[in-house]
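Pasting the structures here.
Common to both upcoming complexes is chain A, partnered first by chain B, then by chain C.
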Partner chain A sequence: MDTIHACFKEKIGEVLLPGDVFSFSFPESGDGSIKTEKVICGPGLRRNGEEVQVCKSGILRHKQPNMYWIDSQQRRYVPAKGESVIGIVTAKSGDIFKVDVGGSEQASLSYLAFEGATKRNRPNVQVGDLVYGQFTIANKDMEPELVCIDSCGRANGMGVFGADGLLFKVSLGLVRRLLAPQSEIVKDLEKIFPFELVVGMNGRVWVKAKTVQQTLIVTNLLETCENMTSQQRQTLFKKVAEGSL
Partner chain B sequence: MRDTPLSNCERRFLLKAIEEKKRLDGRQTYDYRNIKISFGTDYGCCIVELGKTRVLCQVSCELVPPKDSRPTEGIMFFNLELSPMASPAFEPNRQSELLVTLNRQLERCLRNSKCIDTESLCVVSGEKVWQIRVDVHVLNHDGNLMDAASIAAISALSHFRRPDVAIQGRDVTVFSPEERDPIPLSIYHMPICVSFAFFLQGSYLLVDPCEREERVKDGLLVIAMNKHREICSIQSSGGIMLLKDQVLRCSKIASVKVSEITELINKALENDRKIRKEGGKFGFAESMPKERITTLKRDEAPVEMTDVEETAKDIVNRTETTTEVVSVPSPVLVGMGTAQVGEGIVNSWGLDEEEEDEPQTEDTKTDEVMVISDSEEEEVVILNEEVQ
Partner chain C sequence: MAGLELLSDQGYRLDGRKASELRKVQARMSVFAQADGSAYLEQGNTKALAVVYGPHETRGSRSKSLHDRAVINCQYSMATFSTAERKRRPHGDRKSSEMSLHLKQTFEAAVLTELYPRSQIDIYVKILQADGGNYSACVNAATLALVDAGIPMRDYVCACTAGFVEDTPLADLCHAEESGGGTSLALALLPRSGNIALLQMDARLHQDHLDPLIEAAMTACKGLSKVLDGVVRQHLEEVSVLTRD
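Our next item is the complex of A and B:
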């Protein structure tokens, strides 16, 4: 059995704290050949020379074939490249918009980064609008940059949105659960009544339903189902569904 | 750090919801959030939680020479601080307008209303008087800081005990709490501020606005009142035009709220006094509930579904009832304490216990909507579909 995988495997599903170390002792194999194993360390794990250190508290998760990461719960967002987030436009200055994404710095969004935008044809973006975009540059040394088109030049759902509806903030863990491919929460919510939902990885969620009442119901449900087990959540949703017919 | 800006869609949604008389957390327009008052181990230390807004107040005293203009009166000093941990919008050491407004309002509410007897704070006239210092710290900002600060200040002042003094000629001996019991301040009345937020040019008002509602408000009216319906101060900001009957209505609402809050304060003070006398544990550590991550730790979020009942009734009435309604015969007195209803009818109790969906009895069929709610979390109307 591979040593590195074995070391990780015994801790999968356990809660780890920052400072825990995985050190691998390689046995001297008789024939002198060392098998190279490729292990991908995800968020929360950091390589430090010959060891892998845990730098966030949470549960160790594993995805085949060789990906490991720490599933942690936090509310503070740190911009990361490739993530799609909901931002609020705060300023228009020259060629770029300044967008607040909930991180330590405001991201910049060029006015050309919209579908069909040219120098003559500027997008209709006002201060205070909501935009859904992806990070092209997001590291700790530079100001993050957002774009609202994908690599082919198509909008693909990104851009300005949200004439109505309500924006609220949840924890990052809930957002990841909502965005998972077969999300139970979303499936359960769909059964209650129809609504539109935009989920940003910075913890911001936008909801719009037919009436103000329904929007408020969905908002409150999403905010409360954070710490519930799936059983509690299903009973709650069922009660709401029956109550609202 | 900068505060998160309010997006246009949030603003529009909040105003639309207010027009429909709906608030984000499901309260009614005149409802306050849950107020929780807890006292610390020291006398004069109080934390007030108004929903998620948290305010800490500490009262302390020291002997100082009095002001020249008032040699026989003690001195009251108020200080309110916006801690940066309360909100990302608060920066340390910055004189913001909000800070000045809150400080002035707190001073007006407590000092100018003469709720504390300052003459009793005099020790040696012209030489030594007590200076009572009230420090209010905002720990978390979720709207309506003024109310929370005033409740905290007056609770802490009522809770506070100053050291006992003995005067012999010109000598003043201050006794420590171990030598002689400290004395409470003499408080005439308890002024409490009630805030009203106005929206859409004064057409809609909300009591106890939360932080998001405060951001979209047009104007604010703060009325400081005590439970004897005496107005201690009124302040209107934001520049909106208020009609006379609006102000009168607000003062009536304020008097109701103030009497409720005063009762709450008195109850909290009484509880604390009782616990201290019995020698039980008191202080903040005891009043904090043990919270666990494995249980739902949010407060109940009431989900209001009032118009659901009407639609449900419509639907139920619209469908035809096919069963005939047999009237229940009046009871027949058989003997002392025994009566009989009906005769010769088959007892249908105890049969078919597993099938709960069947009609209860063969005699009557209820058309009303049954409310079965064993939910401890939310107020929800559940319909029992009896019409097949």
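Our next item is the complex of A and C:
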């Protein structure tokens, strides 16, 4: 009985709003043999007893064989445990730094949460610096906490960065596309000229290229990528690659 | 105004509408790129612009933040060119403070503030052209702006005005009908549950007429909610189609 798949299939590609519900009517088990179907509910869908509810607004997408999710366009970041983000240090108070991560509250970062930091050997972090860290605590009841070391005590790419370069904000969907394992956008950008790129899950991206002009070109390309199809993007990148020195 | 009938014998009002007809509603979302959420709404000749920032850290004094929910901060203002006579309105005058307080009350009922403790949500609304129903246009525009900002709400908040002439309730009053001296009722409703967020009435009304008047306003609000829902879905389609990879 493909009732579940049929219910979803008719809504693929349609706009759904939070509060929309998929309810499945299972026929009485008269014959005794009910085929169990496995359906994976991705982000934006939530199971509530016998129903599946939509909790984010967006378009329903489907991936073979049985995965469904809501493709949502969001700019506002909500801190979640384990995510790596770019933060801006806003204050130093006692033993912790206050970091702005773009959420509803500022996160706290202890000065001991850096590689090789001890009580005597304090890390060199000033107000206004950029830090790349991970959330250890992130829920609505407590203040979010960041750390710049992993569970083994190594920095692993995290910490203070950004002596030069430019920080800008994009939507969360674009950030996810950039962080995907085989990201087309990053591959196409690499062909134009070399640059350093740091992507935070809170929608913040930091770029540094050899000259200021190249940095600005990469920034503008990434910001326009949001509203372009892949065809338009490839033609634009090709035009820039030919036109730039 | 002698001889100016609010409702003619054939049942037509001053602008040619029937008693229960609403004015034409047009709206656009995401009109500002800098704000978290923004919307522009026209209800007949009344034009309102709403901008939402947040949820973010409480600005100013720490004491204003609540430990278990977000604070909603509303500001209502009218442009100097919005009325028939150009009039400079200072910030913080009595009328705009009262309207700001009403808007705050309305949205505290609808926004799920428990999800963002110790933070603040700012809603700024400006009337660009005032032709009656200022409060309603503000509420409708702010609802769309909150949806655009991705802030979770219990339901759309739809507002409409209603008046009473002879024995007929009129829905969606324009400026001439409001200032005629008759009753004017403003209602803000959460359409799906039928819960009233705010109810305000000017002038006197016979007790027997109250129920039909509220009924007329509720029906108008439910019709408006369908229009707002259509605007949101259309905006989502436009934005999502572009980002499909």
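Rule of thumb we're sticking to: the second predicted complex is superposed on the first by the 197 of 245 C-alpha atoms of A that agree within 3 Å, B and C clash if a C-alpha of one lies under 4 Å from a C-alpha of the other, contacts with A are read in each partner's own complex, and residues count from 1 in each chain.
Please note the rule applied: contacts are C-beta pairs under 8 Å (C-beta built on N, C-alpha and C of every residue); 3 or more make two chains touch, one makes a residue touch a chain.
This one's a predicted model, so the numbers in the text were calculated from it and none came from an experiment.
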Chain B and chain C placed together on chain A: clash or fit? clash
**Request:** Could you say whether A:37 touches chain B, chain C, both of them, or neither, answering first, second, both or neither?
**Result:** neither
Per residue count on chain A, the busier partner among chain B and chain C is B
Should A:162 be classified as contacting the first partner (chain B), the second (chain C), both, or neither?
-> first
Next on the checklist: If we overlay the two complexes on their shared chain A, which of chain B and chain C does A:74 touch? Say first, second, both or neither.
Outcome noted: second
Q.
So in the superposed three-chain picture, is A:140 touching just chain B, just chain C, both, or none of them (first/second/both/neither)?
A. second
Report task. Considering only the touch criterion stated at the top, classify A:228 as touching first (chain B), second (chain C), both, or neither. Result -> both
Message = So in the superposed three-chain picture, is A:59 touching just chain B, just chain C, both, or none of them (first/second/both/neither)?
response = second
Looking at A:190 after the superposition, I want to know if it touches chain B, chain C, both of them or none. Which is it: first, second, both, neither? neither
Among 24-32, 42-50, 78-86 or 96-104, chain C clashes with chain B only at 78-86
Overlap of the chain B and chain C interfaces on chain A comprises residues 100, 104, 106, 227-228
The answer for chain B against chain A in the complex is residues 1-2, 4-13, 16-17, 20, 22, 24-26, 293-298, 301, 303-305, 307-308, 311-312, 315, 375, 377-378, 380-383
In their shared complex, chain A is touched by residues of chain C numbered 36, 54-57, 70, 114-119, 147, 149-152, 229, 232-233, 236-237, 239-240, 242-245
The answer for chain A against chain B in the complex is residues 88, 90, 100, 102, 104, 106, 126, 128-130, 162-167, 206, 212-213, 215-217, 219-221, 223-224, 227-228, 232, 236, 239-240, 242-245
Listed in rising order, chain A residues that touch chain C in their complex are 15, 17-18, 57-59, 71, 73-76, 100, 104-106, 140-141, 173-174, 177, 184, 226-230
